[in-house]
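What follows is a short report on a single structure.
Every chain is named by a letter (A, B, C and D) in the order it is written, and numbering of its residues begins at 1.
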Amino acid sequence: MAGNTFGTLFKLSTFGESHGVAIGGVLDGCPAGIELNLEAIQKDLDRRKPGQSAIVTQRKEPDTVEFYSGIFEGKTTGTPIGFAIHNTNQKSHDYSHIKDSYRPSHADYVYDQKYGFRDYRGGGRSSARETASRVVAGAIAKQFLGEMKINAYVSQVGGLSLDKSYQELDFSLIESNPVRCPDTDTAAKMEEYIKKIKKEGDTIGGVITCVIQNVPVGLGEPVFDKLHAELGKAMLSINAVKGFEYGSGFEGVKMKGSAHNDQFNTDGTTKTNHSGGIQGGISNGMDIYFNIAFKPVATVIQPYDTIDREGNKVTTQGKGRHDPCVVPRAVPIVEAMAALVMADYTLMNRTIKL
Amino acid sequence: MAGNTFGTLFKLSTFGESHGVAIGGVLDGCPAGIELNLEAIQKDLDRRKPGQSAIVTQRKEPDTVEFYSGIFEGKTTGTPIGFAIHNTNQKSHDYSHIKDSYRPSHADYVYDQKYGFRDYRGGGRSSARETASRVVAGAIAKQFLGEMKINAYVSQVGGLSLDKSYQELDFSLIESNPVRCPDTDTAAKMEEYIKKIKKEGDTIGGVITCVIQNVPVGLGEPVFDKLHAELGKAMLSINAVKGFEYGSGFEGVKMKGSAHNDQFNTDGTTKTNHSGGIQGGISNGMDIYFNIAFKPVATVIQPYDTIDREGNKVTTQGKGRHDPCVVPRAVPIVEAMAALVMADYTLMNRTIKL
Amino acid sequence: MAGNTFGTLFKLSTFGESHGVAIGGVLDGCPAGIELNLEAIQKDLDRRKPGQSAIVTQRKEPDTVEFYSGIFEGKTTGTPIGFAIHNTNQKSHDYSHIKDSYRPSHADYVYDQKYGFRDYRGGGRSSARETASRVVAGAIAKQFLGEMKINAYVSQVGGLSLDKSYQELDFSLIESNPVRCPDTDTAAKMEEYIKKIKKEGDTIGGVITCVIQNVPVGLGEPVFDKLHAELGKAMLSINAVKGFEYGSGFEGVKMKGSAHNDQFNTDGTTKTNHSGGIQGGISNGMDIYFNIAFKPVATVIQPYDTIDREGNKVTTQGKGRHDPCVVPRAVPIVEAMAALVMADYTLMNRTIKL
Amino acid sequence: MAGNTFGTLFKLSTFGESHGVAIGGVLDGCPAGIELNLEAIQKDLDRRKPGQSAIVTQRKEPDTVEFYSGIFEGKTTGTPIGFAIHNTNQKSHDYSHIKDSYRPSHADYVYDQKYGFRDYRGGGRSSARETASRVVAGAIAKQFLGEMKINAYVSQVGGLSLDKSYQELDFSLIESNPVRCPDTDTAAKMEEYIKKIKKEGDTIGGVITCVIQNVPVGLGEPVFDKLHAELGKAMLSINAVKGFEYGSGFEGVKMKGSAHNDQFNTDGTTKTNHSGGIQGGISNGMDIYFNIAFKPVATVIQPYDTIDREGNKVTTQGKGRHDPCVVPRAVPIVEAMAALVMADYTLMNRTIKL
């Protein structure tokens, strides 16, 4: 319970530090009989990997996943799927600026305080590199989910917001630009803006919107394990996330009940969907949609003041190859976490009736 | 794992329907040796109970908690604390308008779809009445936490927003008005507005802000069980919640990293607190603060169209005594869930070093 | 995780001390739609209750269960089933002999050491009275399991052993005598022996055999959650249990593999059943059978030497109304725990294939 | 929850099939700051590995463990320890005799029935090869436990039983012979007997006794998670185990309470130890000891009749290099599982008092 396991029945346990030997995980509870498309898994990894475009970190990490178990003759066997991604980038870097001082708004200080010391190389366990393992498991979950479709995209970068609802967008355009915003015009502006920020050695935040379609009615476990509560936890567990809202979200606060209530059609669907596809914590068959706020990346390529382990003031300089904006690469991570939740709750829902 | 348990070590399991015999719970893992102030527990229950002011539901439910076990000679024994709150309001009501038709944006439809049938009386398990059990357990958690202070208050009702940071507020005023907003002027406006909404037979949403102070450094379990991820899940599991953000939240998206980063003082505290007291999922000793969005209550006292179990259109009329705005009564629930998380993570943190 | 919850999906959390207000529990994850026979539940409770015959404790406890939730119109709703059994026997007894000194081979000493103090009245949480809650939940599990049949019986009391395999016995005779041994002659000898032991103010151990029939193939979760491992834990969690063996058990150690192996019939059944119905931790459709060893009850009605909290020697005298042999009343507890395991693993098995 | 995770706080998740790419695991919750002796870990692995003596299987598997994470500068960091043991023996064997027919008393049949198909190479996930991952994690647990000493040894092979209590034995002799029986004379007889059995192409069962010393008072979580219940489950989860008893065990059944009760010394220790170091599920500071029954290995090197997937009778011939008796190699596995339980319960016990 030291927090490296996600899910109850479809259950991922991950391991690995940024610059250790390897990262990876064990996916337990994945049902037997899924014909796995391994290329699709690698493809999702490639969407997350560094160096894929000019607006992300230029580190080179091939991020090739090796599967160790749980797959036989192309199908999942129902036994745990062990996998690893070896770190190829783990050589003798210069970490002196990190080793003895604390980067502001990073986890350096709290890790030292909590555990007594830390693997300081590249952020160690607190590095977002860990999320590659989530993408592997999430890609398997997607294949289990079949017809259920999960699409995430960038809907805001800094103050640049995409002012269209997801219904007005063509999801097939998400991968058409490096920002992963399906509105080409807005994407271009965002890209431009990220490049400008990068040139300043600074970083900027963003919002990702995720939409889950073809959801059966009935997923979600009241009371504490409401579907949106688990989705919220899943998203908030991703590095740099500061907020989560689904359906009408924070804006819905201003609405009156008479306007907010989603009226039924005779087939059980609703005329509006302020509920965001979830009522009482249980999916109602309408699209599930939610927004996730990401703060600006803490690593800026600028000089900054901070303290060392003994509390002395030090001045240091951010360096390395970092993302000026995390959201383009976080899109597949959001999808992966959503897929893990939906897979877990799909299995759970098999157990609730006589 | 049907979702009625919260927490890993400090663990609450609840039961009970709105109009069944009783609601209650089992709190397991509460450490031995806490001298319990039972009046403080009942006081928190009273802050949640119906009928306490003119702007909440006028139902009469005394909500008296009975403890069955786990307390001996005034102290917790380390064994599970069983408790119940008998429903005194469970008589023969007229539920015909609920029994055979689905209230829009309630859980009626999804419960029927998921479980095959439902206890329709007063919403059954999906009723917010269930949260009284959380308040009991949360009040015990608060006493375990000692010096750690948890204060929640209403910061928005509809479009009326409190434009002060929590640092500018006097928490001792929270209970001075029925809205539970510590700014007296804003509270008066909110109260007026809620009364107007009530007169219309309508409802309105709101935001609660919660602040946790005197937090030790080191609470939070990376990777999946980050402190804010668990707080987020806890809040999203409360009825009617649509969003959660902590620290800089959704607004922080627009900031640059150079401005968002919290610079260190030499004692490890930070000059700003955009991080909201949590870095890398672990508390850094600064105040933790977060906002929770509540949608407008779905029950409006107006006629509305809906469908019955067979999918036929029906017109019905909302009735009964319902909250025009849920946030005033939700304040102690938010505190309770925050306390459960902090208690659980406090215990967890005892296990992480040699 | 303080140990008062059993099961993963069909999950019981219990509370309650021997002489507190009430004992009870929350059964979460029980599927919706089971038409509950409440009399059958009370009947199992009556099989466990004190005072039912001359060879068990003569305490008077009616043990009437009250259900608080989770049942509507006679059926389980899928929401948690809360229940309580009020302690009617909780008046001002004289506990001075227990309060300040430690009964040998009881939990008095370890509770004080672990928790700092204890509810000493009647053993508190360590009393076997707690098992009544298990019987309630187990009786519900039995009704969920339908055709699967669970029968337990006394197969040994002290040195008196029933030398017949379960196949030679008529389970309908189990309830025909107070010992709950289906062989009438042996039962009579056992009864006589227990009476003699009781007259001496002493106690004696025993063995219960449990047989589960009509088990589908496939229940059990390798690796750590093998079906027999969970059954073993379930049985070892019952007060006074010292051992568990299934199938060929400790005797099977002496056999050669060529003799021990269960040869297949063409329908997948086996010619012998040394495996005890479980292979590789998974049920193979044959009868599951196992033995459980119970030590002699620690409370003897004789004077004995012991120590007080300060480590001073004291001489005291066992008193009260206690069981001379625990196995007759433990039969329904064994069945209940077996039913909880089988129900949990039945649900789990629904999630393992695409 | 598909059963590949053991422990609540000190938590091992394993993966891997006998003839897949690798086996391994993730150990989460291991406290930070343990200076790991990696050689000691490998040494325990070597005690389990095939080919170490004439009385065990002659397969050649080096079983070298690689650590991927969670260790930095020689110490555990508190983050998950990922590790793998690559299978070097995974080449193109002839599995035709296993692939299409079911070996009696193996898991072949039940895996096919449960999951629809299976990785038949060398038993796949049901192979005892999986236990190597347990030995790795257990060896780490031992180092965490410090002064607590865990010693297991062979006390019976077939009908040859070691008629000495553990107090009469010198544990330093356990590793002095290939049987791992600390009584040299008995060991010689056992070795002879196993060689004879092997020559017959047959197999034989055995008993392992385990003793845990220097145990603090207070480990164990009533009610369901009693210390011996978890130890029992841990042992019963090991391949081929059919029974578990602790303290007086099955023999204690025959004793009277007056003789069985362990009288106190004034320091809280007891004059006898029929309780086996555990009372009410909680350690009382005396030695913990228990016996584990292992059935004869199912693979015999003889011709046998069985059925294929379609239920046709087939005659086949056991082949390969298998253990004639599993207990000598199971000794380190027993110790590992005991260490995992004791580590987990040590952490749990830190959370139970104010």
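To be clear about the criterion, contacts are C-beta pairs under 8 Å (C-beta built on N, C-alpha and C of every residue); 3 or more make two chains touch, one makes a residue touch a chain.
Bear in mind the structure is a predicted one, so any value in this text is a computation, not a measurement.
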{"item": "Farthest chain (mean CA position) relative to subunit D", "value": "B"}
{"item": "Between A-D and B-D, the pair with more C-beta contacts", "value": "A-D"}
{"item": "Separation of mean Cα positions, subunit D and subunit B [Å, integer]", "value": "46"}
{"item": "Centre-of-Cα separation between subunit D and subunit C, whole angstrom", "value": "26"}
{"item": "Whole-Å gap separating subunit A and subunit D, where each centre is the average of the chain's CA atoms", "value": "39"}
{"item": "Overlap residues in subunit A, where contacts from two or more other chains coincide", "value": "1-5, 8-9, 14, 29, 32-33, 78-79, 114-116, 125, 222, 348, 351-353"}
{"item": "Chain contact topology (line, ring, star, complete or other)", "value": "complete"}
{"item": "Residue ranges of subunit C in contact with subunit B within the complex", "value": "1-5, 8-9, 11, 13-17, 20-26, 28-29, 32-33, 66-70, 72-73, 75, 77-82, 84, 114-119, 124-125"}
{"item": "Touching residues on subunit A, where the partner in the complex is subunit B", "value": "1-6, 8-9, 14, 102, 104-107, 109-111, 113-116, 125-126, 130, 156, 158-159, 197, 200, 202-207, 217-218, 220-226, 228-230, 232-234, 236-237, 239, 242-250, 252-258, 260-268, 270, 274-276, 279-284, 291, 293-300, 302, 304-307, 311-313, 348-349, 351-353"}
{"item": "Complex interface listing, subunit C residues touching subunit A", "value": "1, 9, 29, 31-34, 78-79, 144, 222, 347-348, 350-354"}
